[in-house]
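Take a look at the structures listed below.
In the two complexes that follow, chain A is the common piece, with chain B as its partner first and chain C second.
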Partner chain A sequence: MNYGPLLFLAAFFALAGSWFGFVLTPQAQIGQLQPTNMLGAPTLYPQARPGLARQGLGVYRANGCADCHTQQLRQRGTLCDVVLSDTGTNIPAVITALLKVKPGLSGPAARQWLSVLPRPVLQGLTPAEADAAVRVLNGAGAKATVSIVPVGPDLARGWGKRRTVARDFLFDYPVALGSQRIGPDLANVGARQPDAGWHLRHLYAPRLEVKVSAMPPHRFLFEKRKIERSPSPDAMVLPRDLAPPPGYEIVPKPEAGALVAYLLSLRADAPLFEAPLTVIPAPGAAGATNAPAASGATSTNAAPTKAPAK
Partner chain B sequence: MNPTASSEPAAAAGLGADEVGASEMDVSCRLPLLVLLTSAAAWLVIASGFALISSLKFHSPDFLAGPAWLTYGRVHPAASSAFLYGFCLQSGLGVSLWLLARLGRTGLAEGWLVTVGAMFWNVGVTVGVLGVLAGERTGFEALELPGYATPMVFVGYLLIGVGGALTFHQRREPRLYVSQWFLFAALFWFPWIYSTAQLLLVTFPVRGVMQSVVAWWYADNLRFVWLWLAGLGAVFYLVPKLTRRELQNRNLALFAFWLILLFGSWGGIPNSAPVPAWMPALSAVGTVLTTVALLAVGLSVWKTAPPGSPAGPVTKWPFGVRRQSDLSAVASAKAEAATALSAARGVQEAKRCPSQSGVAPARRSAPARRRAPLATALQSGARENLPLRFVRFGVLAFLVAGFMRVLGSSLPVSNVTDLTWFGPATDQLNAYGFFAMVVFGAAYGILPQLMGLEFPWPRLARAHFWLASLGVVLLAAPLAIAGVLEGLELRSPDNAFMDVVKATLPCLRLSTMGDLLMALGHVAFLANLAGLAARFYLARAASVFSSLTLDLYKQTGAKP
Partner chain C sequence: MPPETAEPGAGNMPVPVWLMVLFFVLLYGGMVFFDRYGGWFDAEVYMPYASLADVQACQPHGGGPSAERGRAVYENICGLCHNSDGKGRPGQAPPFVGSEWVTGSPNLMIRIPLSGLSGPVRVDGTEWNLSMPAMGAALPDDDLAGVLTYIRQSWGNKASAVTPEQVKAVRAELGARSQPWTAEQLKALP
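Presenting the complex of A and B:
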């Protein structure tokens, strides 16, 4: 009647199952993940963050930023847009084709419509519908393409362009996915708010930048010191009620600089095979220099310091 | 059930007092258990202090924002680490060791080893929590203690665990009761998950999101599977014991055991996770299948002790009387119980409701062996049903938290509840509402018998029950509501994020009330435990002192 060894063995196997399933198998699959080419560009993604940003991740971890901020965007699905970028030479044929795929457009209006290109002809289609429309337009000699648009509330809120995937965190330790959104998601905060000064002011006094913020101030990342000869160029510019007494200045400690470098390096919007996405240039502004950074080669996970990766 | 048992008058039925070797067992368990439970209670108070600070930050973000170590991102993990490692694991081990000894009808093997292990454990957790406050947290939920604290914690666990395994091995009762299955599995599962997580996350970190996968697996196995195994092991002992009814039934309980092992351990990977889809899917399947285990546990406890039912007649539980010496021990206990009963009846009967009158006098008999019957009868009035009340609440919270976990893992719901306060609400309800409550019940039931003393402040113990249960409800319910509201609002991108957060603040502020009540309850618990220990050791010191000085007096008195 001695069940001891039997009980032990059975429990061992039952629990070993979960270990094999959720430790060993994932390790064989995503534990071996490698950087890969971005879609449509010969750039490797992701690239390791620069050293300062990596130190910043340590500050992020130590002060529990991940307790209130996630770095994971969800995506409800993917829709397709048809974008017309060039009319070609046979304008009347293109107009006929355009009227066919885009009902509700009259002849003269269509000619007017074609004057600003590239622009989306149709939005929110399934891949099959989009392909059909592209075939009609290209058959008329125009140049139309399908662009892939990830959708979902997180993305509509402007937090990012596509869902977060495992590859985005390849070189991070620890991976700061977070589990709760007490504050906004930070997966793309570097792209959303590229101003380092804003981040420093926000860390020093969150309600200075965001009126209703519930974030605690992180003044321990800054120091108050006496102005020696001339004020430091890094000194914080603060409103009167927060400003230090005359003769003193508030400057960020190295930790604050590192943390901001890390925040600015957060940009997970590269188009990937597992999370495809096409960047639509703004109407008539194809060559604008301040276009969203996701345009092709510049959209890496690296910090905007443009430091060479690795 | 033994038909003759029902005709016998109520016999000794304190926790385990009907079995032989009680005194040997008590002596061997006394110091280790006292160390484990008292330091667990101290950690609980520390944890609730930190939790209160972090909760108050939702009232005013500027509250205690100056020093780095008091920022939310350090106080919050300090609270959860102190609670998980300082209280949950430590008290769970203490109760488990006692149960393993009791159910094996043996003394605690190598009690000194357990005491030393507890010291290692406490030093490790202290170093770890200080490390978290100094900004050395690992960044993995439920594994926040920095790497340098781990060896001490792990060695502490191994020493305590060896004591448990040896106790199990040297048991004199070859038949296994359900609780032993749960406790033994828990004893064995923690070192496995802890070493896996520690090795793969801290020592030789794995790559990328694999870290999160291991961390989720570890956190879920610790916060649900381990707490369930240790807690249910105690529940399946305490409920039949405290109601003096036979467990209904063994197979149902074992069914729950296997389901928790097989499916409960496959959980924790949220649907929002940026990992291959099979992982959250498999995790959801495993979690949903634990519904059956929840139902089995609920059914088993319900059938064993329907609420409001009178106490049963089982006196020799869970196993029959085996040896002749047992019989005589039980008989002498019975005689004492009868004295206590007749003395107490006149005083107590009038106050008592009919359903309790059958229970109360009987359970009074355990301490009655050591104290004047009447005084015991008067004092223990508060104790009889208090452990049972705690355990009942715990089982209820177990069911609610378990179903919340199932809901939170299944797809349509998790789209709303993922990344909101719903997850923390489930964790807190499971850890505080289920596990801590069961441990409180066990401590209030075990310790008086173990020490041969009543708790010094029974009223405080009763207040603890109300503070703890109200506190848990006020903590978990607002958080869950806040989570659901937040999730529903965030589905529409038209709702500005900051407005949604602002709308959840009243709920978070309400939950501070729960934190406060629980903190007060925990102080009451610690006070009672420390008071009991102080009373015991003061009495012992006094007796040692008087016996020593008696000799001295005799010698000196003889000479001049």
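Presenting the complex of A and C:
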């Protein structure tokens, strides 16, 4: 061992370097993450999952769900829309400003166009373009806001509204990110399919709910038992070829209930600082949602009454 | 029997210069890429955002009180007495240009349009004794913030902007106050 100290140093630096890069740096970066306020709402996010859902994470893990399903969405970019929520008091000035920012609209059409608010004026802009348009409209006394629309293939599939970020998984241990998508992404499955019965039927016989499903049936999460006095309220309602013989019923075991509770708790669609997002209220339905845009819209509803008379 | 030759050994060859140059070019390119897209290890920067400024630009927002809006409100309301060049009118209203009330704490300045100001007040070395009504009490928060920002940043004034949140806080603090301020009262405030 002529080179003992050199070999030792080489091994030491190789291990210390990877520890520094893969353990210490991520720990310094996101190790101190705390729940934070959702954008424009005083609600803390994320909230710890309910107890049954936390047990469900164990079932999810034990059955290898993460081998075929991911829980991470990617986002290719972010587009800005300019949404006009209120015209203010000076309608002719707003129409002039509107014609300036939205070419291809004529005067009478613009007046017609303004009758249903809030609605997007321009879509798919960069932040700088959106800011410029908002400045023109707000200068005329209207109330325009920039609304944020994340885009990307994962989001186009309807799997979610924004990318997932580290904060979404703050209360999960272990984090079931997954790496293969043999099935769809589950980061928002609780928002996509909030029906517990659907999930139970889908676990028992996936093709009952999704014709082309490649998922294996998870019938070991259910039990077939003799109906004693009266049928259980949890008993599965199944088509004839799957139904148990008369006098028997199929009920989900506690594991199935926990797994479904976990799936229903999966939703990563809260607007956050690091993953901004605006939920646009439907035309004429301002205040109907709890989205940040709605809070802006409700405050503008009070503005015309407070506006100066001059 | 062939003659015994020396033990074969590895020769020395210097690292080619082009390889070193290529290495440094790659290193430089990597650092430029990291600087541009890495977000500098910020916990709140994720792809597709390249930096914290990028994330901030993509927050939903209303554009804030714009200068044009502030100017429009000023010329409609304040400029009638304080003049559109901010120099005031003798016997009618003191100037905004070079006024320590304007460029001082926004906390004091917000109170004047909300409740008015009456009695003797010293502005830029001149004594004034007039009464201003609560001209801004009926304005929405963002319009008032816009016009105050316009006053604080026009005609050579270079003070900080006033945000609608500040106006809202002061308005809440004043409640239903209807008495105009006096200069002494304002000076006693923090």
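Assume the second predicted complex is superposed on the first by the 283 of 310 C-alpha atoms of A that agree within 3 Å, B and C clash if a C-alpha of one lies under 4 Å from a C-alpha of the other, contacts with A are read in each partner's own complex, and residues count from 1 in each chain.
Note that in this section a residue touches a chain if its C-beta (ideal position, glycine included) is under 8 Å from a C-beta of that chain, and two chains touch if they have at least 3 such contacts.
What you see is a predicted model; the values in this text were computed from it and never measured.
Asker: Once the structures are superposed on A, label A:147 by its partner contacts, choosing first (chain B), second (chain C), both or neither.
Answerer: second
Asker: Taking the superposition on A as described, I'd like to know which of chain B and chain C A:174 touches: first, second, both or neither.
Answerer: first
Asker: After superposition on the shared chain, which partner residues are touched by A:134: those of chain B (first), chain C (second), both, or neither?
Answerer: After superposing on A, A:134 lies in contact with chain C but is clear of chain B.
Asker: Can A:115 be said to touch chain B (first), chain C (second), both, or neither?
Answerer: So A:115 meets neither chain B nor chain C here.
Asker: Could you tell me if A:273 is touching chain B, chain C, both of them or neither one (first, second, both, neither)?
Answerer: Touch status of A:273: second partner only.
Asker: Touch test for A:165: chain B only (first), chain C only (second), both, or neither?
Answerer: Both: A:165 reaches chain B and chain C.
Asker: Going by the contact rule set out at the top, does A:74 touch chain B (first), chain C (second), both, or neither?
Answerer: Touch status of A:74: both partners.
Asker: Is there a shared patch on chain A that both chain B and chain C touch, and which residues make it up?
Answerer: Residues common to the chain A contacts of chain C and of chain B are 29-30, 32-33, 74, 163, 165-166, listed in rising order.
Asker: Hey, which residues of chain A end up touching chain C in the complex?
Answerer: 25, 28-30, 32-33, 39-40, 74-78, 80, 127-128, 131, 134-135, 138-139, 141, 143-148, 152, 163, 165-166, 271, 273-278, 292-293, 296, 303, 306-310
Asker: Under the stated contact criterion, what part of chain B meets chain A in this complex?
Answerer: Those in contact with chain A are residues 57-58, 61-63, 65-68, 71-74, 76-77, 135-141, 168-169, 174-176, 181, 184-185, 188-189, 192, 196, 200-201, 205-214, 217, 221, 258, 261-262, 265-266, 268-270, 272-276, 279, 282-283, 286, 415, 418-421, 423-424, 486, 490-493, 497-499, 501-502, 505.
Asker: Enumerate the contact residues on chain C facing chain A in the complex.
Answerer: 41-49, 55, 57-63, 65-66, 68-69, 72-73, 76-77, 138-140, 143
Asker: Note which residues of chain A are touching chain B in the complex, please.
Answerer: Spelled out, the residues of chain A in touch with chain B are 1-4, 7-8, 10-12, 14-15, 17-19, 21-23, 26-27, 29-33, 61-68, 70, 72, 74, 153, 156-157, 163-184, 206-207, 210, 212-220.
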